[in-house]
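Can you keep this structure in mind? I'll have questions shortly.
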Amino acid sequence: MKILVINPNTSEEFNQKLDKAAKEYALPSTEVKVISPKSGPKSIEGIYDEALSVQGTIEVFLDWENEFDGFVVACYSDPLVVYALREITRKPVLGIAEASIHLACLLGNQFSIVTTNDRWAPLLREAVKKYGLEPRCASVRTTGLRVLDLEREGEGAVEKAIEREALAAVKEDGAEVICLGCAGMSGFDKILEQKLGVPVLDGFVCSLKLLELFQQYGLKHSKILTYAAPLSKELTGLSSRFSRVYSKNK
Amino acid sequence: MKILVINPNTSEEFNQKLDKAAKEYALPSTEVKVISPKSGPKSIEGIYDEALSVQGTIEVFLDWENEFDGFVVACYSDPLVVYALREITRKPVLGIAEASIHLACLLGNQFSIVTTNDRWAPLLREAVKKYGLEPRCASVRTTGLRVLDLEREGEGAVEKAIEREALAAVKEDGAEVICLGCAGMSGFDKILEQKLGVPVLDGFVCSLKLLELFQQYGLKHSKILTYAAPLSKELTGLSSRFSRVYSKNK
Amino acid sequence: MKILVINPNTSEEFNQKLDKAAKEYALPSTEVKVISPKSGPKSIEGIYDEALSVQGTIEVFLDWENEFDGFVVACYSDPLVVYALREITRKPVLGIAEASIHLACLLGNQFSIVTTNDRWAPLLREAVKKYGLEPRCASVRTTGLRVLDLEREGEGAVEKAIEREALAAVKEDGAEVICLGCAGMSGFDKILEQKLGVPVLDGFVCSLKLLELFQQYGLKHSKILTYAAPLSKELTGLSSRFSRVYSKNK
Amino acid sequence: MKILVINPNTSEEFNQKLDKAAKEYALPSTEVKVISPKSGPKSIEGIYDEALSVQGTIEVFLDWENEFDGFVVACYSDPLVVYALREITRKPVLGIAEASIHLACLLGNQFSIVTTNDRWAPLLREAVKKYGLEPRCASVRTTGLRVLDLEREGEGAVEKAIEREALAAVKEDGAEVICLGCAGMSGFDKILEQKLGVPVLDGFVCSLKLLELFQQYGLKHSKILTYAAPLSKELTGLSSRFSRVYSKNK
Amino acid sequence: MKILVINPNTSEEFNQKLDKAAKEYALPSTEVKVISPKSGPKSIEGIYDEALSVQGTIEVFLDWENEFDGFVVACYSDPLVVYALREITRKPVLGIAEASIHLACLLGNQFSIVTTNDRWAPLLREAVKKYGLEPRCASVRTTGLRVLDLEREGEGAVEKAIEREALAAVKEDGAEVICLGCAGMSGFDKILEQKLGVPVLDGFVCSLKLLELFQQYGLKHSKILTYAAPLSKELTGLSSRFSRVYSKNK
Amino acid sequence: MKILVINPNTSEEFNQKLDKAAKEYALPSTEVKVISPKSGPKSIEGIYDEALSVQGTIEVFLDWENEFDGFVVACYSDPLVVYALREITRKPVLGIAEASIHLACLLGNQFSIVTTNDRWAPLLREAVKKYGLEPRCASVRTTGLRVLDLEREGEGAVEKAIEREALAAVKEDGAEVICLGCAGMSGFDKILEQKLGVPVLDGFVCSLKLLELFQQYGLKHSKILTYAAPLSKELTGLSSRFSRVYSKNK
């Protein structure tokens, strides 16, 4: 199976982390390629950033779609683009937030998300509500650190902040499982699990493994209603690859 | 007051409808300009279309921001771009779905939305849930017609389909107020209201009038947490106007 | 447009505050009259008080209905009487809680209400739930002060208590917008907004401006189901003006 | 034990029905008196009617409070006055809707309410939500008949309409228990239960029996927060009995 | 009326407490027998314990069913066995959690449960959600003590821990009523009520009194859908009394 | 990896179906053993049946636990025993309902469950609510057929009934994904998927594949709070294997 991991930001360090995690957890028969869009922000720390990443992410998907069997969009923001891609392909596309949250619910009664800057607290609570799993969410906690601090700072300091919030989620909020709420936290899962004594999920690994599961069981997204193929229409000022989608989906 | 109405699709006919409604309902002291992005889809009938409209919509906003006091994004899909714009400006930005739904709740116990193709039923139910108003929503009904049919077909046929669904919402679902679920339905509100005997809301007019209210009362979006200014970062392959935002928001 | 503001308590000081806010925010073409019932409690600090204000409030409405185009019931308790009046008139009637809460949701993701004595915490949470907006409500906080303290105490002390709770709502509960939860707090909005740096809403101004919006857009309450005209019946021991309503609504 | 049943409308026929049911189900040691206010509407078919019944209901309560141990407000509309009375007395006060709905949940997974005119569908759904039991409510169904038809029509016709809706609730909505949604339906419970083969609850009997249970177990309403005693204040234009409440509750 | 109280654990001390409470609160005409299964755990402190009590509890029910008119399953864990028994009998069966929680909602706006070890916090929140009453639940608090400590420790220490948590529920969580969340706390209700000044409910007494109410009003569980009689089938390796149920329910 | 599938009923035909599905979908490196308890009902069609299967299911688990790495409890009823087993082991245990429902949510916006007799409609809606995923559930539909009909009837007839309800779920309820709501439906998934054109999930396969995923990613249930090890206590009248659990979990 060939999986394309689209990191919708342009941080090469993120790609390396994802690549390392993929190497560690993918089945031997799975080939994983991690890629960033050619255009867009260096990190996704809010909706403006996400908005700027949309077009580039679709572009990179369209360029590579034919060569892969499944796709991860490796941003914990419940990106709009996941739903756009599901419309234009019959192959499975997963976001890393939904993947980790659903698996978390199979491992414990209540989960918490630990993420970066404060804006994500309301935004991820909204995403959890959209997934339908608000009753299972003990809390969304933020470290107050920026996404790119995950690289720039000594990892010890960042890891310590994540651990502090995760511990508070367990002790104060009743969390039984922790979800790492940023692709840049990839690789911390088992270290933190060791310290906390509760399951800690890396959303990227979760989506990677779920795509393998989908392939083995022959699962694909539903193509009626929400993810039905887009209706053909005139596009202005956009590369022709964007409208080729319509004929392909006929 | 100067209001910029961004129709995120490129349909000139939509712009004319919005312009007509603006002329009818704006205060004499309000100046309204309706504009489409230079690039993007002719209509927004799903998330792929919305995704393709994002960049163009931000661009047109950035080009005109300084000359206007308030902004409408005239698409009923609860566009992501509304939230992106709120991050990068201190001036009010409204979507037409949220505007009509909140006003509907002040006019009756239960409202229904009547919109175009079937995909919008799950998507708009999700938007209503995100706004928090699911308990007030009797139903989301679709005519099965396409957005651009709102122009191409004899308007009588389209209007009849909308009326049929709106009537069913009232008779079968317990709706006391109807929200027209597409910017292209602008202008049908009072005609339908006459026929049904219940309030019918044109989301565009709702957001236009709410922006006037915001100005008169001095209301602006909150700039903490969800709509806080974006954090400065490197952008790749994007026009420099997108990164000028960061210095402006410092 | 002529707006009647019914302050359902008999405090003249309240009326003066409301009058002042009306003068500040009403359009030049809007005429506002603030009035209290002839009978009832000096303040509304619970359901017993509200119950005692019901009959007087309807009376004053019936006396003046013909001369006005819209009505505010200026009590933050989600008064039953708002719904009673909607049954007996075709003209718009707004409560100040619903007005401010819906506008708050257009300005930020989460709002909090700051009100007076502790009883209002469960009661206003119930009201928010009834409006359907519980998922948007960060908290209801109380100062522990009494309604009439809003006049009697040095305003500085009261304002300080409101500021303290509003700040806690922002810092601890994640509120992005504050609603002042008592008509007697009218006039504090912009002062507090200045201090907190987040939007602060005076429910009275919100409902006043919404009534103007309703008039300009031609909006009226739905008259089916919930607010349908009352069914004619025998009334005992009540002034004949109460039964004249039936013939008028035929 | 002495129970005062306040029928907040002025229909003598209602009182007779309630009296009959009380005679059938009260313990031998329970003394029941059914009474109407001196002023108010002949029936309660909406919020305007309820509003007009408020003052008279409180008056009759104040006149008789000392001689009784518990109180029923025999109207299925979740009357505001129940909550007002709980503030001003330490003796238990029950509404008939809450009483029947809570008992219904102990008898089956899902209940439905069958009531009179259509307005009650949204209003009783709101009441159920306020009680917190919306997840247990299969439906609120209305016969379209008026409250006083419960007397005037041949009872057979009315009973048939109730039976039709109750059957539909069972067959189509998944109801396992039926609540009769009007005090005027008192006496139909066991007849309908016989026909439908599912439990049918008369809210009046439920509240009567619960008051006996409260007495036997020594239960009284909580007097903190929501039902705390009213704060003393000036009353204008109201009989002095209304302000005597304050000194009594000190 | 004859009521069988099945304490699903094998603690004789529990039985004595229940017996004492029954003596105190049952009507003179009610005969109460408290019994434990012949097999099972000494206390129920989790789902494993509950699972081991299931078969013994059904056995003891089948042995005694004919001689009693109503049944209490005296464990606060919302035991599965309550629902199993409702399938196989037409006589009323009540759990003590549901009984106390529904009565609590008739006494105050918000209730809290105070129980023993920490696991019950998520489990009882789940039960409350299942009953549909989550919106009325201020909190579930645990003392951290074990069930059998309720006997072994000086009762003073245990009572102090319960009081501490109950007080915190009132002061910090907004609880207006307290439910004692363990059958072993039977007998503390009125003592704690005295100290806290808010109603405190012993779930066992609640269910006992509700069964008396059921009998007096002629209430029985619904026998359609959820509690319909079990469908006859082959049983392997189980005493024949378990399959006699099928023929009886034909 | 070695997976033990416990079919909690004693139907050998079920075991054969599960065995066949395991052979089709398990990885080559996975060894699967399907087993039934020695005692219990031939099918699980309600809570009484489930209750009778509890002890036997725990017994068979205890007998085999050491030789396996993961466990499926192959009954769609959200069995209590799943939670009991999670307390007494550190190895993963999955139910088939939760497994299929979470995966369904990753494949479409709304899912429906199609199951056997009518009682499961309220019971499975309750289970879905407990998992937290009610907002994603379009409907629970029942064929009205009995569990064992899945074998006895010509499979064509049963399959036709399932197809009819699944189609209605898609056409009328807005389902985008179908979950087969009974272990006995194992093997119909891909046939039905072919006919309906939407994803159809066999809960057994889902849990089998998730256990493989858990192993590959090193996931185990959280052992704090809800699934913490049981507290040691005296057991009466039960085989000693049940109390050996306590020492093992120390």
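Chains: A, B, C, D, E and F, in written order; residue numbering restarts at 1 for each.
Everything below uses one rule, namely that contacts are C-beta pairs under 8 Å (C-beta built on N, C-alpha and C of every residue); 3 or more make two chains touch, one makes a residue touch a chain.
Values in this document were obtained by computation on a predicted structure and should not be read as measured data.
Visitor: Quick check on the contact graph: shortest path length from chain A to chain E, in steps?
Guide: 1
Visitor: By that same contact rule, can you tell me which chains touch chain C and chain D alike?
Guide: Chains touching both chain C and chain D: B, E.
Visitor: Please state the rotation angle, between 0 and 180 degrees and to the nearest 5, that superposes the Cα atoms of chain D on chain E.
Guide: That pair's rotation angle lands at 180 degrees.
Visitor: Averaging each chain's C-alpha atoms to get its centre, pick out the one most distant from chain F.
Guide: C
Visitor: Going by average Cα coordinates, which chain is farthest removed from chain B?
Guide: Farthest from chain B by mean C-alpha position: E.
Visitor: Using mean C-alpha positions as chain centres, tell me how far chain C is from chain E in Å, no decimals.
Guide: Chain centroid spacing, chain C to chain E, equals 44 Å.
Visitor: Distance from the CA centroid of chain B to that of chain E, rounded to the nearest Å?
Guide: 53
Visitor: Just curious, how far off is chain F from chain A if you go by their C-alpha centres, in Å?
Guide: Here chain A and chain F have centroids separated by 28 Å.
Visitor: Give me the residues of chain F that touch two or more other chains.
Guide: 109-110, 121-122, 126, 129, 135, 174, 176, 225-226, in rising order.
Visitor: Can you work out from the touch definition every pair of chains that touches here?
Guide: All touching pairs, sorted by chain label, are A-B, A-C, A-E, A-F, B-C, B-D, B-F, C-D, C-E, D-E, D-F, E-F.
Visitor: Within their complex, state which residues of chain E touch chain A.
Guide: Answer in residue numbers: 121-122, 126, 129.
Visitor: Which bits of chain C are touching chain A when the two form their complex?
Guide: Per the touch definition, chain C meets chain A at residues 109-110, 135, 174, 176.
Visitor: In the complex, go through chain F and note every residue touching chain E.
Guide: The contact residues of chain F facing chain E are 10, 38-43, 45-52, 54-56, 58, 80-81, 83-84, 87-88, 117-119, 121-123, 126, 129-130, 146, 148, 225-226, 228, 230-231, 233-238, 242, 245.
Visitor: Contact residues on chain A for chain F in the complex?
Guide: 25, 27, 94, 98-99, 102-103, 105-110, 131-136, 170, 174, 176-177, 190, 197-199, 201, 205-206, 209-210, 212-213, 216-227
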